[in-house]
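This report concerns only the one structure given below.
By letter and in written order, the chains are A, B, C and D; residue numbering begins at 1 in each of them.
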Amino acid sequence: MLTVWAILIDGLIYASWLFLVAAGLTVIYGVMRILNMAHGSLYALGAYAAASALGWYYNGVGDQLWIALAMIAACAVMIGALAGVIMERGVLRLMYGRDEVLMLIVTFAMLLILEDVMKLIWGTTPYFAYQPYAAMGRFNIGVLTVSGYQLMVVGVSVVVGLALWFWLERTKIGKILRSIIHDREVSEAMGVNVRRMFTITFMIGAALGAIAGGVTAPIISVVPGVGVEVIVVAFAVVVTGGLGSITGAAIGALIVGLARAVSIHTMPELELFIVYAVMASVLIFRPHGLFGQAVARKI
Amino acid sequence: MGHPLSRAGMRRTLLSTATSIALISAGVMGISQAAHAEDTFKVGLVTFLSGGASGPFGVPAAQAAETVIKAINAGELPAPYDSAGVNGLQLESVVIDEAGGPTKQVEEYRNLVQRQNVNAVIGYISSGDCLAVGPVAEEMQTFTIAFDCGTPRLFEDVSNPTYLFRTGLDAVADNVGAAHYLNDAKSDISRLAGIQQNYAWGQDSWQDFTLSMEQLMPDVEIVDNQTPQIFQGNYGTEISALQTRRPDIIHSSMWGGDMEAFVAQANVRGLLEQATAILTTGESGLHRFENQAPNGTILGGRGPFGGFMPENDLSEWFSKAYEAEHGTPPSYPASKMAQALLGLKYAADNSGAEGVPSSEQLAAALKGATFESVSGTVKMALAGGHQAMQPMLYGEYHYSADTGPELRNVRAYKGECVSPPDGQNALEWIKAGFPGADCD
Amino acid sequence: MTEILKTEGLSRYFGAVVAAEDINVTITEGEIVGVIGSNGAGKTTFINMVTGYLPPSAGTIAFDGHPIKGLGPRKLMRKGLSRSFQIPQLFLELSVLDNLSMALSASEHRHLEMLRPVRTPERIAAADEILNQMGITQYRDEMVTAMPQGARKLLDIAIAMLANPRMLLLDEPTSGVSTDEKHALMDTVMEVVKRRGLTVLFVEHDMEIVRKYVTRVLAFASGVVIKDGPVEDVLADEQVQELVTGKRQQKPTEGKNDTQDETQKGGA
Amino acid sequence: MALQKSEIMLVVAAAVITLLSFAVPDWLAFTTTLAIASAMVVLGVVMLMRAGLVSFGQGLYYCIGGYAVGMGGRFLGITDALVLIGMGVAVTVALAMLLGLLLTRYREIFFAMLTLAFSMILYGILVKSQNLGSTDGFGVGNWTLLWFDPEGGKGSKTVLWLATAVGLAVALFLNRYFGSAIGLACEAIRENEVRVEYMGMSRRQILYINYVIAAAIGSIGGSLTSLAAGHVDPTMAYWTISGEFVFIALLGGTGHVAASFIAAMIFIMVRTYAVELFPNSWQLILGTVLLLIILFLPKGIWSLFTRKRRVAS
């Protein structure tokens, strides 16, 4: 029974984190049909930015938890949006209209470049900004302890999910974006400035990636390569859930998170390929993922 | 000793990156003019400059190499290495990134030897790279020192080495030593768990450790072993799984950022109040653990390196010089690189060669030799004189505002205690109950 | 005179939308049948069902006396039932000759050959022949992207013919072609059809063309066949008249119609 | 069948490499061998690309080919290089025939992700196989070639000759294949699957055959790599290695078989020099080169040759 509870709690915590990482990826794909491999680098950028800001803050400036949390959010959003604009305006814009798979390679190239740029800026020494994580303490649930910070990540993830839903369903930009998702050519013909929408979408997607990194920074040690490790798992989540679907990303994250927790608690040996096994088995039965839709060719 | 994120630290990182780039470009410039210059000795240095192993291992090792090579060329080392250069030759280095996997490293090794015409190669943190490069070193007849990799299979695969050396211990010694330390210092434990990165290093470490524990502390129950992916970073689920098993000792061979992240998370979650961690590579975090690892956490340094270095002229000089240049005391990978370079200098100085010593002369000089190093006196007593036999040390981490981080209750185990006699398979030796071990 | 195609109660629904309902048609070998009706009347749905692209919701189809419902396009091609498309379905980045060679290799069941070049002298000769018959020889070595719409239509039909079909369904062969070219195009096509002795069913909006070439007409409206018979009888029918004239009035909005919608992306 | 012009060129190129192997330094021979070996895996990727599919998991077969050589020598005592390569191909074909049944249903990103998943599952299994050395992998024993024992079982010249011969055979085959009915049918599938079915061809059958052949060729590349490097490890199945093959395939383009070989050589040389000259920022250089190629040579470096020819004619 204890194990079952532990699995549920751990699965939920991990799923929230996965959703945070995957949300930006799926938003960008949904609107722009670009599977952004550099999403992992945006995650890393957010993590580095947050870690260095926290390092500066706790190194004599102050030690207020809420200021630290606000700094994480601000830094991550700023650096993510900034990097997003540069990437979209500087590189992706030149490539629109190319094959979907070619865009995948373009973002792979950006990933390689960003990895080294970050190394030139931040060096290779691990950055460690554990203070907020430590400051939020822990809660005991029976024999289990859960860290307050990780519960907060669950909250952040719910908030981000709801905000995205609101943005897409209830705002004007959201409506325009949905029309682009539905039919790009028609929306373009009807006067939608698709390019501007792409820039906005990419900025938001990139900022989401950076937020995921920023929120994770106090938990992990930020080292070169953190982004690369994250990207494939995030891919697996969005593909499982159905590319371009926010609900899909949430459900995909839950399934992968729970499956992983089950494996770690019962068969730790399987952990390495559980994500891929889940993705492959979902795709076998639902070739476009859980919430993905097949587009039939029209003749 | 400031926080690594302080502005000074940042500047230092930038500065050291810049200097290493400058150093490297200088090395490259050297190719054209000094490819066959008779007054230099060219050494290829291979270490991680990118990826997760670069921060904790690769870059400190590269920085140590920078410091030591400069001192060797200037003749500033303490005795017995106070002559300038190696065998009177200026030491020139070519630094290569170890990232990219064994196949690529084999390629790079060939490039180093044949295109860059290096006289010797020092490098390799990853065991996979060592295993792939070892046979090639023999094939290409080039004097090669593996400075850090820990696989005990290295000299099983290259069973009759001529050119290949390792100036450190293998991973067996880490884990046999860890078991001895627990037996001596924590005799009351009953439940043991582990967490290892999911790859060869982690798997081998856990195997060696649990087999040793079965010999030394057969009553201890092994309750769990978690195998998170390497560079995973977030160990929340693993920590709960460990908590539900209620161990009182947690063995981990995780290294670098992973190890530090695990320690910090486990500490916040209260796991490290429940259980004491024994970290076989924990020394690399010694100066970074403040507020993260509880006092009493047991650290190893893969031998008498880093914070476990004995006090002698060389280690004193090295600690000072390294800290002066790079802003933090040397961790064990830095010391191990320094030791490999000292081994090279010893071999060159004693090769009896006129001018540039050949690989054969270097190998003959280092084989079975005894040389002074930052870790004390190194005996090349294993693998037919090709691998160092050194003591293994463990100690408890303690931090106080007055003293800073320090190691207490340090226990040292002789090389003869933690390494199997020459030629014997490590696993069989452990399973047989360490025959011939001298642990007094 | 043998029956070649027979449908009974053929229907297709998209959710609540009736695309085709209870279509009972029998076509005899050698007939040239015109299909008329406004956009969205179910003409293309009918062709898509008969050629295996859309599974029918109900009803049966028999080709040459054998039931063919449930068979895919590939199997139907093999049985001698071929079609062309309203929007030509071509390999845009391959040369015209390669498009044709491919069709020939498939009709010879040799499309899995790995070592022989696909352009054998025999296939080149056969391709040249049909290009000549269709009057598009000048595009032989061009990529399809370099061809004008009318030539693409002809190439699309040529490919359909290379499968050696017994029956050919042409989906709006003259749509997208200028009024001047329509007659020339149909002359060319029907010339080849006659030479090959094919049974043909084609969808057409231009009543002049219908009158000129067909012996029999099927009139569709709202997914149902409202009239089936000799060309003069059908066109004289009041209901059909209404349909035809009504359709003429509708013409400016053609692009927004749902049949059109269903088909407009074909070439993309 | 008379030799085509490009076939003569391929034969000449192979002959030149063989002759040069006597003159060039050992490291260049080794690098060339690796380039030829990875070019073969890349050709498999190119085969799939021509059919409109991008595999991010060709490392699966590259790895199987490598491990077949290593394990055949270690556990079965087989030393003949050709037999070892053949074993790899046999295992690969068996697996590809199984996975192909599933994978031919998928397109685009789903194909890419599923291929990636399968190669990562193999990676996971190998990492867990402690008796195969886990992530460290293991050394490939000495091997022979048709009863003779080249340079004491290792010899980088012999493996270059072997790679050149095998590479030539594969290149000649694929050169024919790309111009054959099935080769063209693959391109047709990329362009318009509906028409392919309406020509009476089965796209799944064509894709299936194409996939299995691509896998077999990838396996040969893996076998040659492990014979040359003398070591195998699970990295061969890791997704970044597969990404590298896609990288090289794009670099070369799908225009001609020779493009993959040239691109593989360029890639390895660029990487070698970037690693050497800028050990701290070689990824940056690689990424920039990749972007520039996609931007200015969307059809790969081979378009340089065809463009020139078009200008000339």
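One rule holds for everything that comes next: a residue touches a chain if its C-beta (ideal position, glycine included) is under 8 Å from a C-beta of that chain, and two chains touch if they have at least 3 such contacts.
Not measured: the values here are computed from a predicted model.
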#### Entry: Other chains in touch with both chain A and chain C
D
## Note on the structure
Relative to chain D, the most remote chain by C-alpha centroid is chain C
### Query
From the C-alpha centre of chain A to that of chain D, how far is it in Å?
33
### Task
List the centre-to-centre spacing of chain A and chain B in whole Å, with centres computed as mean CA coordinates.
36
### Message
Based only on mean CA positions, could you tell me how far chain B sits from chain C in angstrom?
### Response
75
### Message
Residues touching two or more other chains, restricted to chain D: which are they?
### Response
127-128, 194, 280, 282-283
### Summary
Among all residues of chain C, those touching at least two other chains are 53, 89, 266
### Message
Quick check: what residues of chain B touch more than one other chain, meaning two or more?
### Response
17, 49-50, 198
### Summary
Per the touch rule above, chain D residues touching chain C in the complex are 1, 173, 176-177, 179-185, 187-188, 191-192, 194-195, 197-202, 205-206, 209
### Query
Across the complex, what residues on chain A touch chain D?
35, 91, 94-95, 98, 100-102, 104-106, 108-113, 115-117, 119-120, 228, 232, 235-236, 239, 243, 269, 272-273, 276-277, 279-280, 283-284, 287-289, 297, 299
### Query
Which chain A residues qualify as touching chain B in the complex?
2-3, 6, 9-11, 13-14, 17, 51-52, 54-56, 58-59, 115-116, 119-120, 122-130, 133-134, 137-138, 143-147, 149-150, 216, 219-226, 229, 260-261, 264-265, 268-269, 271-272
### Query
Once bound in the complex, which stretches of chain D touch chain A?
54, 102, 105-106, 108-110, 112-114, 116-118, 120-121, 123-125, 127-128, 193-194, 239-240, 243, 246-247, 250, 280-284, 286-288, 290-291, 294-295, 298
### Task
Show which residues of chain C lie in contact with chain D when the two form their complex.
51, 53, 72-74, 77-78, 82-83, 89-94, 98, 101-103, 105-107, 110-119, 159-160, 163, 266
